[in-house]
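Below you'll find a set of structures to go through.
You will see two complexes here that share chain A, one where it goes with chain B and one where it goes with chain C.
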Partner chain A sequence: MFQAKKILSVLATVAVSMSLAACGGSNSTGTASASADKHANDNASCTNKVVHASAEKVTVWAWYPGFQKIVDHFNQTHSNVQVCWNNGGQGGSEYTRFQNTIKAGKGAPDVIQLEYEAMPQFVAGKQKYLVDLADYGMKAYKSDYTAGAWNSVTFGSSSSIYAVPVDAGPFVMYVNQAVFDKYGIKVPTTWAEFEQAGKDLKAKGYTGKLTNWQTDGTAVNIALFAQKGAQVYKYTASDPTKVGIDFNQTSVKQVLKYWQNLAKEGLIDTADQSSTDTMKKFGAGDYATYVQASWFIGYYVKGAFKTATDSPFKIYEAPKWNDSTPDVNQGGSAFAVTYQAKDTKAAASVARELYGDDYAQNSGVTDGGLFPTWTKLLSSSEFITQTYPYLNNQKANEIIAPVAKGWKGDQFLPFQTYAYDAQQKAFASMVKSGTSVDSGVSSLTSSLRSYAEQQGFTIESVK
Partner chain B sequence: MSHRSTQSKPKRRIGKDNLWGWIFTGPFAVIFILFLVIPLVYAFYMSLFTYTQISGTYFSGFANYIRVVKDSVFATGLLRVILYTAVMVPIQLGLALGLALLLDSFKKKFASFSRVVIFLPYAIPAVIGALMWGFMYSKLMGPFTTLFSLFGLQAPDFLSAGGIFGSLVNVVTWQWTGYYMIILYSALQSIPSELYESARIDGANEAKIALHIKVPMVSGSMIMCTIFSLIGTLQFFTEPTILRNQAPTVIPAEYTPNMYAQALAFGYNQTNYSATVSFSLGLIVVIFSIIFMRLTRRSNGLGD
Partner chain C sequence: MTTIEHTRKGTEHRIQGNPRIFTYVVLILCCCYFLLPVWWLIIASTKTNSGLFNGIHGSMWFDSTNAFWDNLKQLGTYQDGIYWRWFANTLLYALVGGFGATAISVMAGYGFAKYRFRGKTLYFNIILGALMIPATALVIPTFLLMSDINLTDTYWAVLLPVLLNPFGVYLMRIYCSQSLPDEMLEAARVDGSGEFRTFFQVALPIMTPAITTVFLLSIVGAWNNFFLPSVVLTNPNLFPITVGLSQWQARSTAGSAAEQIWNLLTSGAFISVIPMVLAFIFLQRYWVGGLATGSVKA
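Let's turn to the complex of A and B:
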């Protein structure tokens, strides 16, 4: 008896001390606090060469193409602060690294590149790991950025700003002009015409497919829903314990049924975007169109063709449902300041000024292939008349820029990676194993909601 | 068992012998504790906590284990690897035994060359092997499309929902058969040739010798190979993870329990639950191995 009591008390002590130990690691305050240590980064190692060695350093993680040039330009034009840049990995791998530094409580950069869809993950719940830049005068610069980009870094809140927008992915249609010319078919402007074009192409003997609906697509499907005015995810920074998830909407079902039907009729391909075969088919002219973000040209079109003149593609507006179909966006990223920033004020100014002047913005567009969120550049005639070699020297910005300006912003979940994985499975089963759209969207909605609840969130309406 | 216990009972002296024993086992013990015992204990410790974005980390006892038991994703993954085990282990072992017996019979002629060729896939890192197969399975770039079209046929869709099981079985079998074959082949070398001679005098032919002498004599090694294969397959990870890049909708992130653990920890930021899943899988693997060893107690030579 005595022995049993003793064991129990030992176990209880162990349990208590373990729970205390677990609590000890995390910061109990809700917001990221400010620091002002100007010398903490003196010995940080950087990919770039610092110009003014004695100046204060701010560490940055980013994977933008051509970023070296931006960093060097910043360091040459600033003598009191220097950027110390490292590539922390692209997308998901960078977020995992950032998450690990949060667990470790150290090792995060001062400034970090994050996609809009990845940001809620770091500001939701018990602690915010991104600094509210409203405290550092960011509000004054609202008009420098497009409305959609601004809404994406403020999460529908008017008082907090969690990042400085850089690029976006206006949603457009890539058209294989050679195919449409050969068969004498008009490029579709509505989704009804789009389907008809597919039927006509098939009837006239085109052996390729109208397009590829990517079942592994992530943000692309959110953009397709947004065109119908459907918001499937809701998350606002002002109420960080609540999330809205709803695929069970008439408009979402209409979009999914549209694609399911095209697949059934054999007009489209439903291959995984990340498969090498898909890009091979794209390069071989097996797809008449591709409805995608503007960045697709930099990441895929250039890779699919050996020389610019090989590419038969041109950009058109994405097909619409009707006249009130909104301009939508797929992807894009921004600079956030982390809660571990050594000198928060300096970090905030670096985040804003990295792409802050004309030289950097032009370099971002021409060397980095970024589609800008900067209103001044978007309206400049130089930008609008820029020609794209891989699009038959088309002045494509005439089409893309209005979409960028028209976009209103999207919302994503604090567990977007999980949601995307669930989305993929649900959509793939709709076009591959004949699951009905109705049952697919309702089970997707309920499984994501129960995951959210398991994670401690309260469910709210997406409206 | 009984033999050992009588031996260890009487004398307990801390002498030179004992000291040398500690010195010899020391380096191993340090590494064993550092890289096996501590991570295991730490994983178990982690599995007793829960992290959610809303409430942070808190002690939750065995709640995570209850969640694992009810988790249909984990159950599906587990059933899947059990199915893989049921199919893959007999194929690998059967092939390995067959090849080992063949090589043993054709000793002189081209055995050493064949041995190297069959063993070679094992020498290729699993990741490279899986990447290579991913390329070969590709419809547009893979050699199978050309090969099948020679006969006017269409190549099967290796990376489809229906084809992926066979495709993965093939990759793993290709990689591991040679390894098991070498183990069995070396076990065959240790059989004294007098046995064969007396069998031949008794009128046994080569097939009979193989079946009634060689196979029973290597059954211990066979069982060891089966355990390796069993443990490896239950922890299936590398090949589906690599092929997932080619076909993410065919191979979901939680295809096998190990992949699920990885997705939880690095994709969904649920390190604690991931530790629970890993620990549970570990337990299940141990249970499977123990059951298997019990069942084969008489011939595995591990019983006593």
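Let's turn to the complex of A and C:
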């Protein structure tokens, strides 16, 4: 019995010390204090082969397609510092992994790829898990990037810069030209014409759908609201304890009612995003249009058709509400430096220089299919006149580049994943079980606000 | 009365005649339920990327072209053939993990069943308690522990947790205490056999069916292990197939200019199930054989 008690007490001690350790991990607020250990990464394991073995290594997590080439190019052109790259997972799975390493207090890379919408969660409140690059001379490079991308990495702050922008997703419309030609219908330029085109196509016997509205679409719905001038989320680095959440706006309701009505009339599909089923329909010509980010070409268009010439799609400007409808964006990502960086200064230079030259930018476009935020490339004539085989050799950048330049940036919450889930449920019930838009947006707003308060944020107006 | 007798006769007749048909129907339904996904996987592994989406015969039948060998070739070259590295890793995790977990379970179970020592009930209750906690819930604490002792991103991070299989220990204890008579071990001891010799030459042969069962379960568990390696590993050279394929899947559904490698996913998944099918076919013999031996002796 004595023995058993002893064991129990040992177990209890272990459990307590473990939970204390866990607390210690999550409480350790990321300090932005710089480290300068040049040899901490000497034994790091990398997916790529390091060119200059004796040089200092900086570890990077990124999932960009074709990233190997960028890493090799960087390592060949830099002899004093080398990139040690691993794919830490894509999007959400990488963020979870990063959170785990924050809990553990070690194991995070020096430089990490983050989507714009994922950054606030790592700089929220008192925790700062990303290094402010303004301390490393990043301000001098402001004019290298589009306004929207710059605003996305600074969160409306004029003094802090939390990442180096790489790509963006200017919002455009993919049009199945064969369908519109067959039924002799003009490609719509406004949302009113868009609805009419759907009715006309249906009346003339087109069996497919006008488009697919993804109720689980995350950034795509934020872009649709932004087109109407509505900002639903607000979060700025200058006051990181406050968040703004407001779906209860006339413009948001107008957008949602528009789509709810299209669904009610049977003009559109409401399938989930990124499903193989939608991809199949896309390839089979069951969608006349698709309003999406420019990166969509790499995602669906290339996958849905056997050869480039099979694709009937072309890019047009996204439909507008009126002449003052702004250019909007969906997605995009950047390189941030983590608070665990072994040599913060070297990490900051790697973050900026990885995509910081012509070769890397061009490779990003041709091998990675990234849409650049680098103003130099956006304005180059080779880029503007580049033809896309999967878009009938269209010079699509003539349409996309102005959208990229016109975008002003969006704001996202420090608990964006949670907000997206709530948003998705609310929108899905509007089209699938006929919940009224008015009650849907007001309950969505109040539930998100109370969640924010539980998390310790103060609610502010989104204006 | 006659009507009642009539119905009674009717029910008697049904009870006699129906069980077999009923069994067959259930079994056939089960077969379809379990085999249809496998059939889909076989079909899908022979298709090209666009064939998967636009194949002329739909998803449950072959496309006009058979791309299985092309897919196999592409698997060998994509990202410098890392798929086969994953395959080798999975094999390592499954075999080392499977053997290790079985050895530990057998010894621990035997110890619990046949020896008396202080705190036996407590230890066994702890193991029973461990059975109740889903392994998934332990992954993050495991990661934090591994991180503390700098074992993340090593083979050990996956192997060590796999070695401990509370269910195996439990099963071995139950099996030992029920089908391994104490008298037999005592007889061995009286004849001058040491504890080790008793364990290896007297106990082990009788335990074969249970050992095979635990071995199969451990190996399948280690082969399909996904969540733990996905959390503790970042270096793709250490990935098992499960984590590697899920990364490829993420790559195919990614936003910015994803690479479409669905064909590699389907063919890679198909190849990864073959060793498990073989393991079951071959180990099943020992399993059934062992059970039969036991029944004759009893």
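What we mean here is this: the second predicted complex is superposed on the first by the 431 of 463 C-alpha atoms of A that agree within 3 Å, B and C clash if a C-alpha of one lies under 4 Å from a C-alpha of the other, contacts with A are read in each partner's own complex, and residues count from 1 in each chain.
Keep this in mind: contacts are C-beta pairs under 8 Å (C-beta built on N, C-alpha and C of every residue); 3 or more make two chains touch, one makes a residue touch a chain.
Predicted model, so just to flag it, every value in this text is computed and none were measured.
*Asks:* Using the superposition on chain A, tell me whether chain B and chain C clash or fit.
*Replies:* Taken together on chain A, chain C would clash with chain B, as the superposition shows.
*Asks:* With the two complexes superposed on chain A, say which partner A:61 touches: chain B (first), chain C (second), both, or neither.
*Replies:* Touch status of A:61: second partner only.
*Asks:* Which partner does A:89 contact after superposing on A: first (chain B), second (chain C), both, neither?
*Replies:* Second partner only.
*Asks:* Touch test for A:368: chain B only (first), chain C only (second), both, or neither?
*Replies:* Only chain C is touched by A:368; chain B is not.
*Asks:* Looking only at contacts as defined up top, I'd like to know whether chain B or chain C touches more of chain A.
*Replies:* Looking at chain B versus chain C, the one contacting more residues of chain A is C.
*Asks:* A:103 contacts which: chain B (first), chain C (second), both, neither?
*Replies:* both
*Asks:* Output check: A:208 vs chain B and chain C. Expected answer is one of first, second, both, neither. What do you get?
*Replies:* Touch partners of A:208: none, neither chain B nor chain C.
*Asks:* Going by the contact rule set out at the top, does A:280 touch chain B (first), chain C (second), both, or neither?
*Replies:* both
*Asks:* Pick out the shared contact residues on chain A: the ones touching chain B in one complex and chain C in the other.
*Replies:* In chain A, positions 18, 22, 25, 103, 274, 276, 280 sit in both the chain B and chain C interfaces.
*Asks:* If we count contacts the way the header does, which residues on chain B are in touch with chain A in the complex?
*Replies:* Per the stated touch rule, the residues are 45, 48-49, 52-59, 61, 138-141, 159, 161, 245-250, 252-253, 263, 266-269, 271.
*Asks:* In their complex, what parts of chain C are in touch with chain A?
*Replies:* Within the complex, chain C contacts chain A at residues 48-50, 53-54, 118-119, 122, 140-141, 143-145, 147-148, 152-153, 230-231, 234-237, 247, 250-260, 262.
*Asks:* Give the list of chain A residues in touch with chain C in this complex.
*Replies:* Per the touch definition, chain A meets chain C at residues 3-4, 7, 18, 21-22, 25, 45-47, 61, 63-65, 86-91, 93, 97, 100-101, 103-107, 167, 169, 274, 276, 279-280, 283-284, 293, 295, 297-299, 302-306, 331-333, 368-371.
*Asks:* Inside the complex, what are the residues of chain A that reach chain B?
*Replies:* 15, 18-19, 22-23, 25-26, 92, 96, 99, 103, 121, 124-127, 215-216, 241, 272, 274-277, 280-281, 414-415, 417-418, 421, 424-425, 428, 432-433, 454-457
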